[in-house]
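Each of the two complexes below includes subunit A, the first together with subunit B, the second together with subunit C.
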Partner chain A sequence: MQRVGTPGEPAGAFRWLTTAVGRLLVSLFVPTITFVVLWRVFIFLRDTRAPHWITAGVAIVWGVGGVMALFFLANMVIEQLPVRWRTRLTPFLFVGPALVILAWYLALPTVRTFYASLLDARGEQFVGLENYVYAFTSDAMLESFRNNLLWLVIGTGFSVGFGLLIAVLADRTHPLFETFIKALIFMPMAISMVGASVIWKFVYEFRPPGAEQIGLLNAVVTALGGQPRAWLLMQPWNTLLLIVILIWLQTGYAMVIISAAIKAIPRELLEAGRIDGADEVQIFFRIILPTIRGTILTVATTIVLFTLKIFDIVQTVTGGNFGTQVIANEQYNQMFRAFHYGRGAAIAIVLLVAVIPVMWYNLRQFAQRTEAFR
Partner chain B sequence: MANVRFEHVWKRFGKVVAVRDLNMEVKDKEFLVLVGPSGCGKSTTLRMIAGLEEVSEGNIWIGDRIVNDVPPKDRDIAMVFQSYALYPHMSVYDNMAFGLKLRKVPKDEIDRRVREAAKILGIENLLDRKPRALSGGQRQRVALGRAIVREPQVFLLDEPLSNLDAKLRVQTRAEITKLHRRLGTTFIYVTHDQVEAMTMADRIAVLNNGVLQQLDTPQNLYEHPANVFVAGFIGSPSMNFFNATLTGTKEEMYVDTGGFRLRVPTKIANAVTQWLGKEVILGLRPEHIHHVEFTPPNINAQRIMAQVDVQELLGNERLFYVVAGNHNFVARVDPRASATAGETVALNVDVDQMKLFDPETEEAIYS
Partner chain C sequence: MSNVVRAVRTSGTGGMSTWARAARRRAGQLPLHAVIITISLLWMTPTVGLLVSSFRPRDAVRSTGWWTVFVNPFDFTQYTLENYAAVLTAQGMGRAFLNSLIIAVPSTLIPIALAALAAYAFAWMEFPGRQTLFAIVVGLLVVPLQMTLIPILRLYNQLGLSGTFLGIWLAHTGYGLPFAVYLLRNFFGALPRELFESAFLDGASWFTAFTRLALPLSVPALASLAIFQFLWVWNDLLVALIYLGGTEQVAPLTVRLSTLVNSLGQNWELLTAAAFVSMALPLALFFSLQRYFVRGILAGSVKG
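For the complex of A and B:
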């Protein structure tokens, strides 16, 4: 029952405006008060001489309890309003703070970064698209684009390929052996990118001929009678050696997700294929692969995102030297080594624009996949 | 020619025996139904014919060759699964054509067969759809179509109706029977539903605990069950069983349950004289126990008294759950016969229809 235009009830544009303002106020209410109060409390607690554990305890109780009390209070106030206003405002009381904080921490910095990308090195003079010209024409960036493409194609291809292969083969072995193999392959996932990079840096370690080789790769090469090499200096192979680290890390992830998808295929589907006359290779390519196609795409796009943003491995192992530069590392160099904020921001924006379509596709795939077996 | 023959076939899963020394022959063009409670080995038996399970011991023949080591695709069989197992990424047309494509059948021949099968099943307008856009009944037809186009020697159907609703199940039941008549191939059909078995089968194989109990026509299974299990499994409500003793003399023999006593007809008495004085199991079907006022003419009726515990009116019939002595049993009486709970009623038993079983082996003494 809607009684638009009756006395006492604002109508049309005016009502829309009051609703919007009301919602905004409700959304801002909790975060604003929380921020102000917490800031005051922070200052107060910082300057007290009470023992640390008391300060920590008070902070937790005061912080969590205070926010809860604020929500409770605001909700109570809204409950007093007419039903119409209650239904309009209540959701925003709870979702609003999340949106506000998200906007503050994500949307606003993006806009500011874009603005910074139009300014000079110190963020003072407006320079137009100069930084973007650098981002698309400088040697370092062109090298980065090439390398990122290698990361994307080879890194993703092999991670997904190995993951699929191992998932399929493991599925056909004894369950105990399968568990063992999967645990082994998945193990690197528990190591951080930097940790893994340090491990592999040792694998690629070089000592001059005659010295004892502490690098695994050179130890093997010399044991087989070869000469030790400085692997990480050899272009373009050094980029591939870095990609190997990513594959080592990501194959486990791809394997686990794909394996779950393979296990979800009804056994009868494969049996129907066998009765229909398919051999095991045909079963794989014509039944298993199409059925898990969505999963493979999701895994692949996730790893593509990873490779586009790749930073830790390159930074740790070569620092982007010897022709191994990548976009994210070049951004870091511009921002924190050369202190050219404009270029750093421009590269960040380029990276963001490159990632968005993949991200969008990834999310869409994910949404579709949940309906695959409906 | 495609008869299917089992020779001393065993199937073991580790220590569990799923099928025990199975010997039977499915005749060419026959509609054979394998029926039994869940876990009785009927699906395993079917899967062994399909080649999806290995035979542990013994031989399976299809036509004139032993197929123990023949892979499923070379057995010239087609199977319809309970879950239909349609390929989700293929259209209805491709689902049906898949097996033919793999066998390198010419394109126009594939097209002809798919369209013909679609016409038989009335799914011509669905050929471009994906399985997920179909209802359960439509999917079931596509699964049948996928089997038909292959033109196999033997059709294997694993509970194909159990995922359909009751009304559709009855309808599809009749259609599968018609399809069998039209195709003239051997059908082997697994179900746990004795109504499906009774209505569709040329012959029924009743299995229990991996052992073949009886293989016979529906009518013979109903009228002459080989043992207590078959007698209880076929028929709904199932047969009433009473622990009883054969008393009296050869000329005037009675079966005494403690709750009531029936005179054994001469014909039956002559057949079971050596059981006189011994314990037996008496079997009486609910439909052979009538209310005295609505007893059909020309039957050999004997009156017993029983107390009604519960009654159920089903419209066309009425079920009396009655007590006589320490026996509870069911009578299926005329719907006009009414009784209140606790009332003692007079019932007429058609004694010519009584079955007698050995209480030790549960095999039929007379049926």
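For the complex of A and C:
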């Protein structure tokens, strides 16, 4: 870092005085200017009627540049301090911003949500465990528990199953072909759950009998001689059809990780099995599957986490109606439709408790997997 | 199957001529390829349907299935760009695309910058409480962001931050940080110690060692992390819905698209075009930066 104080010629006390005053001025003046500039731009952005693309550019430069400016500023101020203080403070300059934001956005809100879950709708009266009673006994929540269980079991099961199947099959084809196929299956991972919801809602589109079907599913059904149906209104099939969207999205993820694990199995191990006379099915169940069991569990727990917190798909396709409610969407409803903050908070806690054990397991596995990430 | 594979793997052993072996291999590979190709086609069909429909005129989309274009796929009179023109302007998807960019770029760069600084300190600096603080950061990975919505929204309402880009940048920063710090700390921690020692002997400050050593050596990790965070923000619906709301001035693609699903209902020619606009950038990233993209998603899969 450049020293910003004035390295003036005059000796002794005078020099000390000028540098001290210089440092003081710099450490007061520059921050003030920075803050003023950042504030002015904020006001500009808030009130501007300039064309969108100008606003966009200014906003991005302001957001990213602002953070950097603040950091350099803090760094500069610390550089002005005596060495002892500098060594003591520098680590906190590095971890400080992250810790402040984490405390502000995750740690404190978690505590406040706990507190809010014990209060009434508007967060004024203490109501004890009333919200938790709601969270475990109301119809909407019981329906959500059932559906989240369906999401968890079916969604995770099929994503991992298909991922495993495709990984094993593709492993036996030409490498170029394999790469191509895997790219195709993985591609949905790039798509937002909202986008995927539109894609699949179109597949499930219903036209009355007699009219030409424009949704793929009903077209297939009528072509086979069946009656077209409004699939998304039919309980309990509609939840399953929503889960199909998740399977479509997550299979690629399962496939890529499982495929990497299969490729890491030593060739000699498979050869030894073959020499001992095992056929390919036995090799799969006796050698491949036991070897990659850990990987499969990791993939499964990751998708379990997704299913526990599933929100976008349900919100976009059915809005949680027609018996498709899930925990995260019910929480959203309580907070932003019913404005019952207490219940919303209690449901959030339920979600947290459900997530903790899975996440804990997953993190332990991930510590080992970061090796592969390098 | 087993004989075939064995014949291929233990090449040169006995009996069969090369030709016979190749023929048997091909015969065994045929069902395998058939299954894989069927699955891939199945996987692609919904996306193809969306893409085709987005280029068909309104009346055609409403009266016939999108697959009917394949009767005569090179008849270009059956395609139109009108749907895209309509969603980008009249339906506000153009504005939403810009909003998504405004949201996603700082929401990617800010958390990664802050996380890199913190991870570097956690990996290489000595300070009181280092282990405890890091353990807390990792512990926060467990917190689902639903836990934080109510308190933060109330705070935002008091501060006037709800509905502003600054508010959502900071929110995404908060939600992205635990994972980013965790990942980068692991990465920085694995860099060779001698590298830093020699740098400090040459008189480098902590900050120089950070910008000249730690960052350049971690470009692959940073790129993967950036792609993951960018995608996560770009594809996020919940955070945007809550902190920004649905007003067209600030709504990103996901929120706008979600609104259109409700308001346009049966106008599939517009909905499909709008959906494709929202997918265009992630797909472009996927096809151009596939290696980083895949690594980013795999690395990011434990995010809270």
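By definition in this document, the second predicted complex is superposed on the first by the 269 of 374 C-alpha atoms of A that agree within 3 Å, B and C clash if a C-alpha of one lies under 4 Å from a C-alpha of the other, contacts with A are read in each partner's own complex, and residues count from 1 in each chain.
Here is the rule we go by: a residue touches a chain if its C-beta (ideal position, glycine included) is under 8 Å from a C-beta of that chain, and two chains touch if they have at least 3 such contacts.
Just so you know, these numbers come straight off a predicted model, no measurement behind them.
In the superposition on chain A, A:Leu169 contacts subunit C only, with no contact to subunit B. Note on subunit A: of its two partners subunit C and subunit B, the one contacting more of its residues is C. By the touch criterion stated above, A:Phe44 is placed in contact with neither subunit B nor subunit C.
Of the two partner chains placed by the overlay, only subunit C lies in contact with A:Phe202; subunit B stays clear of it. In the superposition on chain A, A:Glu271 contacts both subunit B and subunit C.
In the overlay built on the shared chain, the residue A:Leu102 is in contact with subunit C alone; subunit B does not reach it.
Contact with subunit C, but none with subunit B, is seen for A:Ala59 once the two complexes are overlaid on the shared chain.
Shared contact residues of subunit A, touching subunit B in one structure and subunit C in the other: 271, 274, 279, 373-374. Of all residues in subunit B, those touching subunit A in their complex are 50-52, 71-73, 77-79, 81-83, 85-90, 98-99, 102-103, 132, 146, 150. Of all residues in subunit A, only 266, 268-269, 271-279, 282, 286-287, 290-291, 293, 372-374 touch subunit B in the complex they form.
Contact residues of subunit A toward subunit C in the complex are 1, 42, 45-46, 52-53, 55-56, 59-60, 63-64, 67-68, 71, 75, 88, 90-95, 97-99, 101-102, 104-110, 112-113, 116, 162, 165-166, 169-170, 172-173, 177, 181, 183-195, 197-203, 205, 212-216, 219, 248, 251, 253, 256-257, 271, 274, 279-280, 302, 305, 309, 311-312, 315-317, 319, 328, 331-332, 335-336, 341, 344-345, 347-349, 351-352, 355-356, 359-360, 362-363, 366-367, 370, 373-374. Within the complex formed with subunit A, the subunit C residues making contact are 1-2, 5-6, 9, 29, 32-33, 35-36, 39-40, 43-47, 49-50, 53, 61-67, 95, 98, 101-102, 105-106, 109-110, 113-115, 117-118, 120-122, 125-127, 130, 133, 136-138, 140-144, 146-152, 164-166, 169-171, 173-175, 177-178, 181, 183, 186-187, 190, 205-208, 210, 221, 224, 231, 234-238, 242, 253-254, 257-258, 261-262, 268, 271-272, 274-275, 278-279, 282-283, 285-286, 290, 293-295, 297-299, 301-302, 304.
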